[in-house]
Amino acid sequence: MERLFLILELAGTLAFAASGAITGLKKNMDIFGVCILGLTTAVGGGVIRDVILGITPPTTFLDPIYAVVALLTSLVLFLPRIRRLLMWDQRLYDLVLLIMDSAGLGIFTVAGIRIAYQQASRPTLFLLVFVGVVTGVGGGVLRDVMAGDTPYIFVKHVYASASLAGALTCVGLWPLVGEAAAMLCGGGLVIAIRILSAHFRWNLPHAHD
Amino acid sequence: MERLFLILELAGTLAFAASGAITGLKKNMDIFGVCILGLTTAVGGGVIRDVILGITPPTTFLDPIYAVVALLTSLVLFLPRIRRLLMWDQRLYDLVLLIMDSAGLGIFTVAGIRIAYQQASRPTLFLLVFVGVVTGVGGGVLRDVMAGDTPYIFVKHVYASASLAGALTCVGLWPLVGEAAAMLCGGGLVIAIRILSAHFRWNLPHAHD
Amino acid sequence: MERLFLILELAGTLAFAASGAITGLKKNMDIFGVCILGLTTAVGGGVIRDVILGITPPTTFLDPIYAVVALLTSLVLFLPRIRRLLMWDQRLYDLVLLIMDSAGLGIFTVAGIRIAYQQASRPTLFLLVFVGVVTGVGGGVLRDVMAGDTPYIFVKHVYASASLAGALTCVGLWPLVGEAAAMLCGGGLVIAIRILSAHFRWNLPHAHD
């Protein structure tokens, strides 16, 4: 269980770092900018979570494996040759990235909730859900704000709402079925909603519809 | 006194949430984006304040009434029928929003100062005033940064300077006339400056004038 | 040594505040916006550092000399007459600003590392370097995000990478040569790289080259 969890977290870190690095590449940033944006996207959500929960310095600084994975991912994507190789089949590449990103969103959401349970002396529903969603989507918001884009979560697709649905499910089931099953259900729901919504192009209602 | 304070804080929360939700609607965000932007505008200033003062998790997560009010406000404004009803008389609507927003700015500013006094072991003038102003304007800055606009406080009207004038007044009077009177004078001054400046279209000097 | 350090820190504060104020002037902000942007640029990196390290309230609020210098700098630059006088010789002005900004970047980077050493119970390499770089470049990132620009560090010149090289040097030498010498070498390296890169127009590789 712990081992599977770690692997999924690393897959999510890799996917988040890739999305940050690719944003930087599209904006024609230099190698440093690409690495910073990849790192921020991958660990930003966790840093915001830790600051809100009063965990200082944030755990990512004491256990830098996620940061190292994020930096390596960004560096590798910076190399034109590898980028061309990876993007040889654009559809396959997009699919792999979608699955990894969904895994990351699901894992980070329930991991955030677990840490909030461990840390907060009085874990309210709102605190748990908020911390879960922030851990899941915070890195992407920082990426977009720093890159000068309107945050992705505001304009396209079912993204933060997948994280929210999973967070509510996880927190709701937690006292009933225990930690492991609640995290599995919540995280699985995030991944399912995210992948299905991307496939069927679901969207939430807009006011101008 | 406590009761009046709570009512004014809720009015401010409602107005701040409405300004965030309306920004989201103008940007054609989906229902989730509108709620997030309403929530961020309403509670963002308080969260920044608590992080600066070391109050973790921030109080808004433990006492979620403000968050609930902010989310309900955003949801209601999302409904086209209600929006049309509310905006039936555009001038009246603008006036109500201005008064509520001014109340929020004034109340949040002095409420921030009170919490800084309670929390800080060494409350300097700069800390008290800064925390007051951040509590008042922080949510609006987050709203504009997340929506991709230049923060409102930088470009238009006397807004943050109303908060600053009230904060200085409140902190200056505090040791002389006591908590209640200082908060009343400071908050009242913010509201007065904000409403008068909107009515008479006051502006601070620009360098190019 | 302490005295020299203070003078250099004040020079850096002055330069950072000037860069923030000038950004605000270019965006046609009013006097309040110019001061806020000058203040944010000068003390923002240190506030982020203190929040990450759990130093609340951040030291800048308890020892407001840097904030006062930043506000005075912004106010003075707002006066058209003084601005014209200072910019009488544009090349000299640019040179002075570059040297002061480089001094600020170097000093802030190594000052951040020193505070991380003092504060963290388990100072990892990643924590020390990250905190150093954030202290150095954080204020500029906040300035650009708040002003609606893509952060400077992402698009132009060797800037954050100068801070990174100096931070790595400082942390690497610290256990070998002691605090003072490590800070001197690290800070000096930042300043040298920054000035040389500006003079010779060095750039890091971009992916599209």
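Letters A, B and C mark the chains in the order given here, with residues in each chain numbered from 1 onward.
What we mean here is this: contacts are C-beta pairs under 8 Å (C-beta built on N, C-alpha and C of every residue); 3 or more make two chains touch, one makes a residue touch a chain.
The structure presented is a predicted model; accordingly, all values stated were derived computationally and were not measured.
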>> Chain contact topology under the given definition, line, ring, star, complete or other?
In response: complete
>> On C-alpha atoms alone, could you tell me the rotation angle mapping subunit B onto subunit C? Nearest 5 degrees is fine.
In response: 120
> What is the distance, in whole Å, between the centres of subunit A and subunit B, each centre taken as the mean of its C-alpha atoms?
Replying inline: 30
> Using the touch rule from the top of the page, what residues of subunit B touch 2 or more other chains?
Replying inline: 51, 54, 145, 148
> In the complex formed with subunit B, which residues of subunit C make contact?
Replying inline: 24-25, 27-34, 36-37, 47, 51, 54, 56-58, 61-62, 64, 67, 78, 80, 83, 145-148
>> Help me check something: in the complex, which residues belonging to subunit A touch subunit B?
In response: 51-54, 120, 122, 124-127, 130-131, 141, 145, 148-151, 153-155, 160-161, 164, 203-208
